[in-house]
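A short worksheet on the structure shown next.
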């Protein structure tokens, strides 16, 4: 059985907030996962402006990953920054953890709630949901209002916040699935599930990165990738100031 | 690594149209797939009436699969017959290949077309698409008008029909993904993809059963299942004429 | 004037919860109503599983009613179990009280709320509403959380619950019509209307069975029935374990 | 059995295009139908401007009908002119034949096509469909392009046009019901149904006035009317130039 | 630079509630604004009935304005009474302040809330929003429950009510723009903006008449008007009781 | 009267395709328009990848324009690149010509068609339309398939293509407004309008840049800007490789 090589691009410049340990518990022998961070871009993604600055180097990293022989790419951010542009640039599957989680959450629970770091992301997520065609399944949005770089230090308090927002999402907004709305919440799902079960609530809590890894592998194993009719290769042209290997022209 | 045991229920009584060979090319060493057919139900599913008669024994087979220790269940029909009722009855993931293909097709191509055996299924598929919340992504429906039991003998002609309908779906209806709308089309995807590529069209062609197997495995590996809040256990009560182990009362 | 003969199928096996007295107050001299219960099926319908088990014999009863010369059929359950399959099997109008009440409620009040027995029916009703194309008119769902078989004994308390949920539906969710979401609530509408009027609220409270009877009659009198293009006759084929007169083949 | 007295307001000033004979074939002994035309208003309704001029006297006629003891009112035009304003002014049911036909067409055929006199009505009908919350069920619009006052003289040619548009609506737009989009088409439904059946197409063809009469009667018999919360009584105030009995103030 | 001549029709008969002073602060040297009131119609518009009675003379006034050489027309009421009929009758741009405010509110804030005089207008506004195709952007509706003729005397209390409803609209319903839902609120926007800012909320508060004036001017300056394919000229015919210059026939 | 200073950012690096002459015919004495091009970014925008590379410097130019005292900003591309990010970064109105044209087209014609350079932009435009909440008004998309840099040399042929696509949009897709889908089409509207009128079609043809200028001015004159609750200021943080004045931290 051929090994699936999945490359995860964490689209920020901050070293040390994603390590190889993070995804180890979710792997199989025939799954190999590698990682990259950005060289140019924002420290964290907490606005549309941050997201815009993350995309150019994310594209470059995606092209590099394909050239290095990877089988699929995951963009490690729940805003799916650069998803469409990367899909134009490469032919191997590019997986957006937000898109993936919203679709799988719809499948498992009918309606989903999205619980994330900051209230200000509400309009951004609302646009993603509508551009993915999933508005009919969107139960609600909630935020625990913790900046991304404080996630690790505030983990306990954060988990309590996620549990209480998840309970409200199910009881008030009738969500049938909880989407953890920041890939930095990696590893929290178990505690939230337990917190919900203590209230007699049994809904899937989706940790987007482990899910994205296995969905990426499912694409590889079934030979599926995104449509090149929907995401056609960009033409060659001058693109000053960016090094986009293969697509730039002098 | 624990083996994932997936059980496929083909919800008809006709022996011999699904064999273990069918899904072998899509497996991995850590994936075990078993099969069952119905004891009571229709010869094929080509109407809502057929579907209704298939559901009671599909439920019984799903309960039996869970009791036998399976890790996930796939209902092998693109009408997803009994999907919700089976999800009520068991806690292991129950995968509908239609629901799965529609969501993954949306992810990979934005809009999908559904190409199936018979024109008369159009309203049924339209209801499924709307109840899955995916109407915004539904590009079109087409049928090759071949009865299910003639699929095998008419394979060549059928494939040509599927290719020509797929081309129209992309060029006229702007589909970015083709959903093979009958699980009896298993194995046709490669030829259709080739037929599309010969026209310069590069969109994913989704063969629902191989996809459903790997999505089922993704659920098992990430510990996710359907919401028991959305699909709660049915109470015990008298249910005359059906043997639904664990839920019947005298 | 020809008498309209309407046949009501109560799709459960429990004797004695529907009697000829129930609908008498709603009749006219030229309206004849007959009744049947199921021989195989569930004691009550309180889940998708129950509904699935009710459908096969509902289909058989519908075919029998048409063969006996009835002019229209009503399926006496707010889940409209087997509505589409029965419409395939017969050409006389088959009326789903849920579908009918949702459409008439939309006509009379713009937006409707659906108030029923159990919270767990929420996703099922949501699917019905969307497959009937009425999501835009769906104000809210509420439940009084009384099991079907307790309705009769808990009538007073139940009526209070229905009144208070109806008030909330109008004041908070801006419903312009109340749909009584269980055909077992037959006869409660007057008390709920009075309870609402005591609060200065004047919205139609739809008791689905009397309405379905008169809508069925309207179909008969105008010569209308469901589309046989949308619900085409099923072909003959083997359907093991079910006695579906006219459609089975050895 | 109490007789139902239904009053039909034909909201134009042209004498002689609606007679008591028209609806006789659709009546029952316990149904009494009376008629009025406008004293001020347009000769026919073929634009939003015509419709606007028809509404004030339609309101006056509706109030008069309620004061005269009628049990229900039908506004005899497929633009439903003044439907909401009349519902504010009276408490007996006011039936819009367009709203009624769209809802019953949705019930019987899933998706409906609207076939009317003039192409220019397309935006008006599209607004009605969306304000009734039925956009999801709207298959298509077509027109035979015959002015209203020429309907009678052009009947044969018109019927052929309606048949050929109906066939296209079913075969191309996948309509499951045909809505005759002008109340002046009264009596054509049978010929169109026959024309469709000659092509093997079996869908309901809705003649709006006979349907509206029986739906109005169904409302009377079940004691239902429109919501007075949705359509509250207008206050008394100066309304110069119009004689709106009961609502005007000096 | 040619002066833009905009004519404002206040579609009521009450003298003195709109003066030339009202819009002066919003003008430019090259903008000329003239005004008219109705000769026949209601004292105020607070129901669909009032609106219906306002339309005939609004149409007459619009035709007169075009004949007098005006460049654009504004209908000074948030129900946009007669908007479509006036657009049929004239070719110069006819601006509905409600339609304009809903679109610009969508542009500036994504989702808007509509805050108006009376709760009873909720269904009317909901129909307008859906017929303008903006349901996806409609955050909520609220009313301060002050009759139109009391606005001026209750200004202070009214402003407090508008501020507190606006705060709820942003904080609870997630509106990104506030639409002042009555043109009689002219001039309140500044105070409401200040009230919101005092709470740290910074969303646009749209005063519909000043906006409509400048949007009308933008149409004039760019040579744009409404589509005469969507709003074709009405034919000439008898229209008893109304003086619609140019469209009536004896 | 204060002059309105509007700054147009053409988000590409190609010199010479936008000059001050272009917008002169659309100005007024109290309107001052200035221009900038990008220093880093693509030669043209013809893909999501191009768009992504245009955004970072567009943001920088928007911040610079606000600091230079401009009153409003227009992003001169029909993909509205960086619209949301720029709105986060500044408080003066940022106008997207696509968003503006879609809303004004909806106002004037009910449904609009979008006619642009390249077929491959269809999914991108579809996402914009849905994220602006205007899917209900979207009649169709068409492309003349001319690369952006060939527009000038192919002007005659291009205009013919735009006319023939516009005719199809109105006659087949029932558009009531034509949106010129590339700001490079500036100045074509008159010829297309004439071409349509020669066919008896009278719908507005929207040239997005002149419209955007006057809508920007309308915002300035009425004191409106985008919501800072919807588009909040980004926090300061490290953003390597980009010079975003005021928002970067070392």
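To keep things simple, chains are lettered A, B, C, D, E and F as they appear, and every chain counts its residues starting from 1.
Everything that follows uses one rule, which is that contacts are C-beta pairs under 8 Å (C-beta built on N, C-alpha and C of every residue); 3 or more make two chains touch, one makes a residue touch a chain.
Please read these numbers as outputs of a predicted model, since none were measured by experiment.
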| remark: Every chain in contact with both chain E and chain F is listed here as A, D
| Interface overlap for chain C and chain D, more than half of numbers shared or less than half: same or different? | same
| note | Taking each chain's centre as the mean of its CA atoms, chain A sits from chain E at a distance in Å of 44
| request: Determine the centre-to-centre distance between chain B and chain E, using the mean Cα coordinates as centres, and give it in whole Å. | output: 52
| Which chain F residues sit where two or more other chains touch them? | 110, 123, 130, 133, 135-136, 176, 230
| task | Chain touch graph shape: choose line, ring, star, complete or other and state it. | result | other
| remark: Every chain pair meeting the touch definition is listed as A-B, A-C, A-E, A-F, B-C, B-D, B-F, C-D, C-E, D-E, D-F, E-F
| field | Touching residues (chain side chain C, partner chain B) in the complex | value | 13-14, 38-44, 46-53, 55-57, 59, 82, 84-85, 88-89, 120, 123-124, 127, 130-131, 133, 147, 230-232, 234-235, 237-242, 244, 247
| field | Contacting residues of chain D [partner chain B, same complex] | value | 110, 136, 174, 176
| Residues of chain D that touch chain C when the two form their complex | 1, 26, 28-30, 93, 99-100, 103-104, 106-111, 132-137, 170, 176-177, 201-204, 206-207, 210-211, 214-215, 217-219, 221-222, 224-230
| message | Give the list of chain C residues in touch with chain A in this complex. | response | 122-123, 126, 130, 135
